[in-house]
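Take a look at these structures.
In what comes next, subunit A is part of two complexes: it sits with subunit B in the first one and with subunit C in the second one.
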Partner chain A sequence: MPGDPSLSIIPRDPKFRGLRDYMISFFGLDRPQWEQFVIYLQRLFTLDWGVSYQDHRPVADILFHDLGWTLLLVGTSTIITILIGIAVGAYSAVRRGKAFDFVSTGIGIFLYGMPIFWLGLVLQSAFRKNSVFQTWIPGWPALPTSGYYDDRLIPWNWDIVHLADAGLHLLLPALTLSLGTLAGISLVMRNSLIDVMTEDFVTTARAKGLSPRQVLRRHILPNGLPPMVSLIALDIAFILGGAYQVEVIFRYQGIGFRTIEAIGSLDYPLLQFIIVIGGVAVVLANLLSDFLLLWLDPRIKIS
Partner chain B sequence: MPTLLEVRDLTIEFRTKAGIVHAVEGASFNVERGEAMGLAGESGCGKTTTALALMRLLPYNGRIVRGSISFEGRDLVPVPEDSMRAIRWKEMSIVFQGAMNSLNPVQRVGRQIAEPIMLHEEAEPEASFKRAGDLLELVGISRNRLNDYPHEFSGGMRQRVMIAMALACNPKLVIADEPVTALDVMIQAQILDLLERLRRELHLAMILISHDLSVLADTCEQVTIMYAGKTMESGKTMDLFTDPKHPYTQGLVGAFPDIRGPRNMPEAIPGDVPSLISPPSGCVFHPRCKFAFDRCTKAEPALTELSVGRRAACFLYPQVTEVPPRPIAITEV
Partner chain C sequence: MGTVDVVKVPGAISPFRARATVVSRRMQDIGLQVFHNKTAMAGLIILLFFTFLAVAAPLIAPYSPLTAVPDVGPLTLPGGVHPFGTNQFGYDIYSQVIWGTQISLLVGVLAAGVASVIGTAVGLISGFVGGWIDEVIMRFNDVVLSIPWLVLMIVVAARLNYLDLAGIILVIGLTGWSVTARVVRSQVLSLKERMFVERGRMIGSSNAHILLRHIFPNAFPLIFANTILTVAISILSESVLAFLNLSVKSNVSWGRIIAEAYQHDALTIGMAAWIIVPGLCIVFLVFGFYLFGYALDEILNPRLRRR
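And now, the complex of A and B:
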């Protein structure tokens, strides 16, 4: 990694020379790189994840606080995305070639191609106070566009006022993230279901006299879901990446926001731990999806 | 009591990007109660399409243009989809080829067999599963296997499960579409014996679709031969195979090796099945027929009764008439 983190903590002034040298040896930056790496690995596995250069607090303390907010944001948006994505995908698969299919696929591809940060900016300017819409359309809502909850409500308290305000602040960032990832889910869902629909057992199900709805619920969906589960698990990394942009645009101070800050101030211990968390998240998501597949598809067995 | 199934002039078209496919044209046959009727022909001649049309299960781009399917005296062609659902599986059921893909891979077979019972007879789940177990035993599978998934069965056993499922609601007619095609010869014989036994015991009528004439010769009382969507010949199985009238039937029977006679290479019918988008003029078989003469290229022979219960569509027989020119159907492309 480039740069000298000591410079972002202590000014480049000869009279601080002694302090700088002390900091460099305190953080072990004067050792050879392989030695630094061995020390890092040793500490990683002994749960000593280092101290932030910037905050002088253990990185774990900083990040577990941020992680809570990011999980709230990513979790909400993932749930919205999966529910809407599966519903839209299923409906357009059933009506493939009809108006709903064309419109939903068109909108889907449009959203899929739109950069998430831009979508965030558009939503912000549409829903901020005194937006263009608000002056022209009576009753157009204004939604909070930054932060976890209103500054006036600090400190945090587990009561209805705080929760409602946090929910309101969550609305726009979660919507941005959902819209950005929705199309990926709904388009794959649509194609996966269309594949299943041509299978012989679907004709069997229709021949049994089931209604189209029963055929869809009992025979098509259970066979179309397993590919979706793997896709969503693989998407977790992508969703986290999208969360970086959303968090910065909406000043939602989660992991993503912290990452960008840490890059700006060359806060290596913080960055390293963020990367570890990202890796662990992807591995966990895949493990979870494997267990889910085991339950959804009887043909998969652990040997 | 009316004939169980009486199909008249059934004509089916598919709309594709390449044009309108005339998949079946003027198919006519009868199936009596408890009787087995065989439907034979090369691949792509409209056998499966006919079977699907009988249950009104054509894919979205296919439709019945003309003709009637009268089941116990009631024409099924104009029946609305909702009412059709009550007839499917209850009155007639279907066994598809290769039970590999005809069973839902993520559902236990017991549930799949019990599903139509619960649907049509509004039976309690417990009673339905009990009946599913009885059905499995009827086709020679232990009822302990109700909770197994399709992939835990062999190909032959899956076909047995499929047959058990087809019998779930005591239908009057079972359509078996190439029921033994993907199976090895030993298992084929077992499955055919099973079908034959069940048919006699349960007094079922059956339509057996196959390209394998030996399968039909074994099991069916009547046989209908189809070619390029048209019915070429029909009659009693023994008559038809010992004395085929239509050159196409003669070709099919001739292409079948005889285990007793001298070891000659069986004779093949030259050429391929014609395009169903632009079928040949006149008799559809004339480009491949060694007896074809002038009239065959111009006029279309009608399926005409030659003797009692024996019909053929070929101008070699003087009594065969021409199909009157059909009114030009107005179909939007």
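And now, the complex of A and C:
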């Protein structure tokens, strides 16, 4: 990203010298950096978020459009991940040391170490038209591998055809992101539950003659879930990082795709606002998780 | 009068010898546990394999990673002396993958080292000093944690203004210490309440002495296990940066090989190995570090050992 953004806006020709100087002073690039920062802060709070160097549109307009798609992607995959992750984590905690635990933990660590962009590439090539698998295995599905929905369906309409197509296009990116972030949640869930299982009240519950299922649902889960909530909220920053890679691979033009574009074209106002949005998203997620915790765990009080 | 006679007790050893004995016994103990732990050994074997690959790259790799091979042109399909084919400049991909081990390992280990040193220092000070300093540091840490790491790395890269090997290591290291700082801080908070700290205070030890001689050594095993896990994350970070063309240009790393393969549509032109093999290398190396790190964590972390 280092570089002079004016060079990417204005042709490198001496006759544009005046325009270049005008642009530099117009965008305030000739001021000291701390002053630029103060100006930015002031504009941030007066809802003047700047104009993109490339598109010449307000960055908020550009990014709120992108944000919708990113939220759809991240939201879908996060819900899938949490549901599956908690189920797998809980089951392997209960069957600790057994085959299921061993296999799921192994696969979990394996997936955890997989670069998400690479996973995306592999899935993309496995499910595209005329993939290797299609020639070998009859009935192997071909899924759309890029974009929000089919180009032939432009412009967007709120009808069943468009929604179904968008869902189909969402499948692979969401699957990639889910697989990439699943392990984090299931492994932590497993460890958190195993922690709880060593507590005395669990032994007491067993001694009372409750069935293993009752012990799990009434005693272990209520105590093991709250730490998960704050961890998932902290994970949001990580999931966003994954979403960036997924969006680039599947040309799913959300915030992440826009970020990489903005880096390439040195579009500072756009990048600044992307960082602001990222920060706000994480803060919001943490706030939400605190409220959720308050509701889940009656012992927590607001001090 | 006024002098103290040093009484020689037969069989007594100096405090330094005693300390050395305790430390070496503990190391032996840990070594033995690692040896008997299947997960740790599996991880260690993977790590040794890749370390061997990295060190012996000049001997194993048949070609140089950044010069065109003499016998065939660019984008040759896999086969014969070029098991994975050649890339768009006619470099041998098999050699590139082997040489790439060096960069991925080097960046991973050194960046994790940078992150661990910063994270440990911040965590020690924050947890030990407490009060408003702790509050300020932790809120700053929250801010760092709340920015998506990819964007954070890009911003730091821009500030550093250059990206050679040292640059990329600094970028990953400077953005990766938050989690370590948290882990160390919480460990310090619990160690601070232990009896030996109070005893140290009673005999008049300075804060620095307590921190460096009592708290740090006790937190060290945890820090070490955490560093191993950080190496895994750093390797992943480097591969992502390389894939986005933000890493070093003068060296071959696995991420960069994948990026080039992606740009040249390796999968459609029948050169799947170009993309699959470096990817699997990353997966297995990271897998090795995770296995070893988790097992070490379980061995060194007394809270987990109880079970």
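One rule holds for everything that comes next: the second predicted complex is superposed on the first by the 302 of 303 C-alpha atoms of A that agree within 3 Å, B and C clash if a C-alpha of one lies under 4 Å from a C-alpha of the other, contacts with A are read in each partner's own complex, and residues count from 1 in each chain.
The rule we apply is simple: a contact is a pair of C-beta atoms (placed from the backbone, for glycine too) under 8 Å apart; a residue touches a chain by one contact, two chains touch by 3 or more.
All figures in this text were calculated on a predicted structure; none of them were measured in a lab.
Visitor: After aligning the two structures on subunit A, examine subunit B and subunit C and state clash or fit.
Guide: By the criteria stated at the top, subunit C and subunit B fit after superposition, with no clash.
Visitor: Contact-wise, after the overlay, does A:Arg299 reach subunit B, subunit C, both or neither (first, second, both, neither)?
Guide: first
Visitor: Have a look at where A:Val283 lands relative to subunit B and subunit C in the superposition and call it first, second, both or neither.
Guide: second
Visitor: Contact-wise, after the overlay, does A:Tyr112 reach subunit B, subunit C, both or neither (first, second, both, neither)?
Guide: A:Tyr112: touches subunit C, not subunit B.
Visitor: Applying the touch criterion given at the start, work out whether A:Ile275 contacts subunit B, subunit C, both or neither, answering first, second, both or neither.
Guide: In the superposed model, A:Ile275 contacts subunit C only, not subunit B.
Visitor: Could you work out the angle between subunit B and subunit C as seen from subunit A, using CA centres and rounding to the nearest 10 degrees?
Guide: 70
Visitor: Can A:Phe201 be said to touch subunit B (first), subunit C (second), both, or neither?
Guide: first
Visitor: Where does A:Pro141 make contact in the superposed view: on subunit B (first), on subunit C (second), on both, or on neither?
Guide: neither
Visitor: By residue count, which of the two partners contacts subunit A more extensively, subunit B or subunit C?
Guide: The larger set of subunit A residues in touch belongs to C.
Visitor: After superposing the two complexes on chain A, what is the shortest C-alpha distance between subunit B and subunit C, in Å?
Guide: 11
Visitor: Would you tell me which residues of subunit A are touching subunit C in their complex?
Guide: For subunit A paired with subunit C, touching residues are 1-2, 109-110, 112-118, 121-122, 125, 132, 194, 198, 234, 237-238, 240-241, 244-245, 248, 259-260, 263, 271, 274-275, 278-279, 282-283, 286.
Visitor: Which subunit C residues qualify as touching subunit A in the complex?
Guide: Within the complex, subunit C touches subunit A at residues 143, 145-151, 154-155, 157-158, 161-162, 232, 236, 239-240, 243-244, 246, 255, 258, 262, 267, 272, 275-276, 279, 282-283, 285-287, 289-291, 294, 306-307.
Visitor: Within their complex, state which residues of subunit A touch subunit B.
Guide: My answer: residues 199-201, 203-211, 214, 218-219, 222-223, 296-299.
Visitor: Spell out the residues on subunit B that touch subunit A in their complex, using ranges where they run on.
Guide: Residues 52, 55, 57, 85-90, 93-94, 96, 98, 101-107, 115-116, 119-120, 149, 151, 162, 165 of subunit B touch subunit A in their complex.
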